[in-house]
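A, B, C, D and E are the chain letters, set down in written order, and residue numbers restart from 1 in every chain.
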Amino acid sequence: MILVSFLFVPILAALLLLLIKDKKNAQWTAIIFSGITLVLACQMLCTNMVDFDKSWLPNLNSRFTLHADGLSKILILLTAISFPAIFIATAKNNFKQSNIFLSLMLFTQAGLMGVFMAGDALLFYFFWELALIPVYFLCSIWGGEKRIAITFKFFIYTFLGSLLMLVGILFLNAHTADHSFSMQSFLHANLTNGQQATGFVLFFIAFAIKMPLFPFHTWQPDTYEQSPTAVTMVMSAVMVKMGLYGILRWLLPLFPVAFMVHTHFMVVLSVIGILYASFIAIRQDDMKRFIAYSSIAHIGLMNAAIFTHTQIAIQGALIQLFSHGLNVLGLWIVADIIEQQTGTRSLQQMGGLAKKQPTLAILLVGFALANIAMPLTNAFVGEFLMFNGLFLLNPWMAAFAGVSVVLAAIYTLNMVQKVAYGEVSEKINTMQAPYKGAQAVLIVLLILVFATGVYPQPLFTLTADTLQQLFVK
Amino acid sequence: MGIMKILIAFILLWPLAGFLFNGLGRNYWSKKVIAYKATGYIVASFIASIFAFMYVQDHGAVTVHYFDFINAASIKIPFDFKVDALSALFLLVITGVGSLIHLYSSAYMKEEAAPHYARYFSYLNLFIFSMLVLVLGDNYVVMFIGWEGVGLCSYLLIGYWFTNGNYNYAAKKAFIMNRIGDLGFLLAIFWIIVKLGSVNYSEVLTADSLAKLSSADITGITLLLFVGAMGKSAQIPLFTWLPDAMAGPTPVSALIHAATMVTAGIYMITRSNLLFSHSELTQHVIAIIGISTALLAATIAIKQNDIKKVLAYSTVSQLGYMFLGLGVGAYSGAVFHVITHAFFKALLFLGAGSVIHAMHHEQDIRKMGGLKSKLPITHITFLIGCIAIAGVPPFSGFFSKDEILAAAFAKSPIYWVLGVIGAAMTAFYMFRLYTTTFLGKFRGTADQENHLHESPLAMTLPLILLAIASALAGAIGIPEIMGGHHWLSHQLIPIVGEPIELGLSHSLEWTLIAVSVGIALVALLWAIAIYKKKTDEAPNTVVGNFFYHKWRIDELYNEAIVYPLNRFAGFLKNTIEKHVIDGAVNGAGKLIQYSARKVRLTQNGQVGYYILFMVTGIIVLFLLWFNDVPIFIFFNKLTQN
Amino acid sequence: MNAIIVSTLLGVIMMFCSWGIKSNQVQKNIALIGLLILIVANVAQLNGWLVINYDTKGMLKFNQFGLYTNTLLFALTFIYVWINGEEISKLSNTPADFYSLFFFILCGVSVLTSFDNLLMLFIGIEILSIPLYILTGADKKNMFSNEAALKYFLMGSFSTGILLLGITFIYGATGTFLMADPVVNKVTGMAQEQVMLSAGLILLFAAMNFKVSAAPFHFWTPDVYDGAPTVFTSFMATIAKAAAFVAFINVFGSQYKALAYSWTILLTFVILATLLVGNIIAVFQRSVKRMLAYSSIAQAGFMLFALYGKTDITNEAILLYAVVYSIATIGIFAVLIKMKENSFESFNGLSKAHPLLAFVTTVFLFSLAGIPLTGGFFAKYYMLSALVKAGAGLWLVMVAVVFAAISIYYYFKIVQAMYFATGESALGALPKNYAYKLLALAILLLVLGVFPNLLLNYLYF
Amino acid sequence: MSIQYYIFFCLTLFSIGVVGVLTRRNAIIVFMCIELMLNAVNLLLVAFSKMYNGMSMQNGAVSMAGIDAQIFVFFIMVVAAAEVSIGLAIIVMMYRNTHSIDVNFLNRLKN
Amino acid sequence: MNLLEIIFYALSVFALVCAIMVLVSKNPIHSVLWLILVFFAISGHYILLNAQFLAIVNIIVYAGAIMVLFLFVIMLMNVKKDSEPQKQLFVKFIGVIAGGSFLTLLISLVKQSIPLVGKTVLLKEGSIGLINPLGKALFTDYVVPFEISSVLFLSAMVGAVLIGKK
């Protein structure tokens, strides 16, 4: 039942928000309801009975099944943390019709929650799209100058991917014994190797576009650049995890043979993607695009780790899903504060933040350290395990991917240098102290970053059951 | 056990507490409070370290377990700390020298505003914490945590004056070069995990695990570890960051870039000596790179005019020596040199700091001169440091350097010859520095001359203490032929084993000592003779120019690595990303638009054509239905799967 | 049977209404009541009650599917008239004539859903077509309407010729027009023995493709939909088309096996051509009305999947698709009618001028594009599922979804205009409650988007 | 008389109709050509009817086989008549507006 | 070759020639007249097939009513022979090619059809084409379509009124 509330509470709030015209009230409503979700998510961590099953489409043999294991829980937690954080941090941003904005955001949250819980393929597809559509409107209405064309490209691109996944679901459905969509019967579908390969490709494209994996990534920097930052935060902190979640939840268990066949190819592709994105990040001048490419590199590493199919690497990826979300969220909030106050995203025009707003600069450096996976930040734990798994698969692969560790240092420190250090630039000079709420959120996030970096054991415990399921067979 | 758990926690947490208090309270506390706190915490840590050292003397090595850092998916990495003879020694050096430098800094940094003053000390405290984690860790991952931590602190401190773009650049360069090394270290850790399933010293550094590793494994692991050490300890080819790191405040250079952090590589290799001893190849590589670095840096140091640059290259050179020692198997000699070097190099840097302080941030030695009388304490202590580093007996540098040279000779006389040349150059450039700075006439501006003053007690006291240490530290390692019993190497037996029998006769050893000391003395006197009268102007010989420009290695790196990579990144960004990948996506859209424009022409508005198309359509349907039409076979194949 | 009789009677009544009753509103209400009666009559037959129990001698056969389809199509007509009544009145002084034509068309629909003889197919198609020719040309002063009517008429007659030639060939091969007596069984054996029958079926196939506007027989569609008065375009694109599809399935659902293997190839060719032409040309359009015409071709391509092979979900698929597509199309045309012009620009800024209307339009477009949470998703889903279950190659399904993705492009151009573009919308005056009527339709689509079972369960009661 | 000759003849007639539709621009003549096509079909149907009638007569008794095709022809004529009335009405209407009955004149609706 | 066959060929050739003349006549009125001749030829065929009812209906309905309607319309519009602009030669050529290939295709199919080999058409005999059996069939078995086709007429009537009135 608690799982249903993750859908129910955001949707209720979203509908309620349509009626609340006043900006302040709307914001409070959004914050309170997303706060309730967060509380529920914390409660969920302590409970074990977390399945929900109801009849939905008897003609199609599709059921309304929700299920949460460690993998789901950790992502639900991430989603639950992200939304209140985003609402608080961006509360001072000016949006026309902010109630509609928040309402759409909450719909997105419901969709994301659904994706992470769905135990039925058709339901999964439903939520997958539910998470996408509000984002389309959010970006197109409240985004930057070129928002319409860019968002449209993003929408069609991802929609095409998910349609192919739908074909894959149909294909699997046709091969199950009882023609149902449940995870269980999908798992028991007897597929030949060729069929596995077909299904694998169909699912994978959807996930790869969502992640996004090189070379399917070109929608991402543009979209991140053009979207309102609150939406970008959702996209890069939570939405990109949908792809990785999909791989762990569906691709890996359903097509084990095809998965193993593609291991090396995918790892090589991911590693190329990591290096490629890192190199481009070095040359980015736009703060948002910078974070986008850095994110592509990190996601690529997670993908590579998952495809090594080693326990160590997948364990690393499991907790990195969470860690990366927090880190990138922090970076976005800092970027947003700077952009809102100075009106620029160009790194060239920044500088001297450390002098003008030292607290913000410290926070920025904190998240930048997490971005380059300094030890004792949460990212180190995940990346350490992932690289270790890569090394287990192939030492050379780990070495090549490891170059990204150096490249990450280069591009992140470049960014930090341009933003925080040097003489105070004209733009930065206009900056006021950041809004207290945003600052508080950043501090909480930073504490989380270091807390889970020093003592990540709870995250391991949380995801242990998923890991076991993946490797028990 | 129980008491050690608390003690080690004390050692570690005091600096961390200092970091947090100073960092968070930087806007609230006065400079005095900040300085007292920061220094006090390190002194407290030093005292605790002394207790720990004594405990180890009595009870041997101790390992304490706090909690598991990573315990998942078949690997287990605990937060374990270990105090044994090696780490205890390092503890003392770090906290001891660290305390002095904190004290020194409290005066040196006085001009800074309170928040920045606090920031400085919090960084410094964090550095001590990281360094302690590095040496105390009982496994490679914890060492790596400290390893990266000190890199970070180094970055922060080099870029302490963050409004200066060049300083930031230097800081970034330091961090990135360290990262390259760290990558090697990381890969080595993975290799160890993959082969041995553990990273704990107690399980990796045993005879059992050696049996599990093939010789290729050992060579690979040790080479990768050495790559890590290269980055941290500024060896060829990753040494260029260290001279640039002089952008930081001088006490930082003394603490981090001379006494402690840069010796982490030596610590790590000494710690893993069991593995290194089993790879002949690695040992040779280390020795060759070590001696090359020593000579290269020495040649550069001869031509530098910036007081800190000279000391920096000298540090690189001395680190090279230490690696030579490691390469030839003289682990205890290397550690010995680390300790003595920590004292005299810290002393030299602090002395330089004192000079700079007096000279109002003038660092060019050509504009100094004749400071002997104006800065008496600084002068004396600096001279002691110079003598110590030049290897003149009975100062500490002589003993440690000699031990390395003896071992080098035993391995190969060529190493020894090169080592002696290096030692001579060291003596030469150090006394060039000393002479130009302190002797002769004052060459600075009148304004500077009027303000020349001896530094306050907080700065001179550390100088004096370090000078005493530099002079006397040799006592812990007096070799047996001189009647000592080499306390240090006995201390280190649990770590590096019994000292290797060099197999050199006493007379030969004495000869070697005599030759090396003799050459060093000649070089020393020669330097004084030359530079007493004149200063080095811009070099005019080709070789001199070459040395003056640091072998143009920075330029080489820029041309060969940085620019091409930058160009490559630009190529990826502007060409591949924009035109190839995004071009393909947009091209698909354009293709649809284009075909829309073409296909719509079939709809030309004339009934006759429409019906014509329909008739054609029917004919096509019939043709498709005929079995022998090729298109049929095509569709046939498509639909079959 | 009930439906045929009642609809004819109602048609005649409406004919005379135009003399007796002058008020447009009353005429519309009579038509609505008539439609309710028609629905009731039809449901009565579903429950086994007949006005006249007459042996049709193998001409008509009433089954669950056909009758249920009737009910749905009548209901759609009801919705159509309910929403568009005012607009119909604008086209003539005597709108009752149009209503009577609608009833005659519904008679044709009833025939097409239940024919069991090729003669009835022919008559049914003609009853459906002839009123449509007239409706197309209803705007007499409008040159476009004239042109559309003439084009439709000439091409329709030509296709009738093809249809008849096909039927003749089938008769020549089998000696019967009966459907109940499967013609397939009469001719067995070698492929060469089936030549005559196959030729007939191919010709019949071509003619039916014409009626459902599948490529390469689609050419009339854009011009006619564009030229006809918008209200009638809405009717043609929905109810008439759905009926034609049901007829198509009735013919080929059971007979296609004579073509055996090559059937799939012909169908694949037509589907691919239809999807290509519909989707690709729609991308180019500047006029919403014309875009919708092409989109209707594209949707026909999807509906053709139902013909791929008769499986248990084919019926569900075609019904759901027809209903959902029709609702969405009626809705979007109803919005379009109220625009002063047909261009995409006229939708600019509609979200500000009339948020509710913009919202319902979005729902209709989403449904047409097949986006989840709207009925259109399940419609497309069922079709793809039918295709997979019929054993079609997965590549065809993939091509279909690629085209579905392309269709997003042109549908979303309207969404973009409404929500993101700035400018004044060219929205004309709206009658009272108009937007709420459309909202009801939108809610219907949303409900079907989550619980398509509500519609489909009745197929099996 | 072999059925094939009838088929050939009727198909030829039908095709002449098709060619007429394709080549003429006068709407009325196009329409007439469509009528020609229908007539060809009619004749073919009657021929088939007589073929089946003949086939069943061979087996003996007087048979009504094939009568359905003749009925069909009857219906075709009926429908054709209805169609002609509508068609001519449309053509006249169009002529009233444009004073032309050229089908190619009508190409405002395109693309 | 017996008489019936000679009549068949004669009528066929006559019909084809007239049909072609429909196409090639420049003057629409001439086309109508040629078409009437085609209908007569076809009626001749019906008589040959002993389908008397259809033959008469064909003459009355087609040649009589429908064609007269055509004539009226043409005269009403006063369409002169040069009022129809000629299509380009190329278009004509394409049209002929398309029609020709359509014909060739169907004929080749018919030739392949094995069941048709040896089947003959009953000429001059058989009673099914007479009014009596046809009438019986029409009002017994075919009464449903007969009634339903009335709807067609009703709609055509309404339509003609709708379109025809000003």
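Rule of thumb we're sticking to: contacts are C-beta pairs under 8 Å (C-beta built on N, C-alpha and C of every residue); 3 or more make two chains touch, one makes a residue touch a chain.
Because the structure is a prediction, the values reported are computed rather than measured.
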Chain labels contacting subunit C and also subunit E: B, D
Chain at maximum distance from subunit D, centres defined as averaged CA atoms: B
Most heavily contacting chain pair (counted by C-beta pairs in contact): D-E
Identity of the most central chain, Cα criterion: A
Chain located farthest away, centre of subunit C as origin (C-alpha): B
Subunit D and subunit E: spacing of chain centres that average the CA atoms, whole Å: 5
Centroid spacing, where centroids are CA-atom means, of subunit A and subunit B in whole angstrom: 36
Subunit A and subunit D, separation of their C-alpha mean positions in angstrom: 66
Centre-of-Cα separation between subunit C and subunit A, whole angstrom: 43
Set of subunit E residues in contact with two or more other chains: 87, 91, 94-95, 98-99, 102, 106, 109-110, 116, 141-142, 145, 149, 152, 156, 159, 163
Multi-partner residues of subunit D (each touching 2 or more other chains): 3, 7, 14, 17-18, 21-23, 25, 30-31, 51, 65-66, 68, 71, 75, 79, 82-83, 86, 90-91, 93, 103-104, 106, 108-111
Residues of subunit A touching at least two other chains: none
Every chain pair in contact, whichever chains are involved: A-B, A-C, B-C, B-D, B-E, C-D, C-E, D-E
Interface residues, subunit D side, partner subunit E - complex: 1-9, 11-20, 22-26, 28-29, 31-33, 35-36, 39, 42-43, 46-47, 49-51, 53-55, 57, 62, 64-68, 70-71, 73-75, 77-86, 88-93, 95, 101-102, 104
In the complex with subunit D, residue positions of subunit B that touch it: 600-601, 603-608, 611-612, 615
Subunit A residues touching subunit C - in the complex, by the definition given at the top: 57-60, 125-126, 129-130, 133, 137, 140-141, 147-148, 152, 155-156, 159-160, 163-164, 166-167, 170-171, 173-174, 198, 202
Subunit B - residues contacting subunit E, complex: 608, 612, 615-616, 618-619, 622
Complex interface listing, subunit D residues touching subunit C: 3, 7, 14, 17, 21, 27, 30-31, 34, 37-38, 41, 44-45, 48, 51-52, 65-66, 68-69, 71-72, 75-76, 79, 82-83, 86-87, 90-91, 93-94, 97-98, 103, 106, 108-111
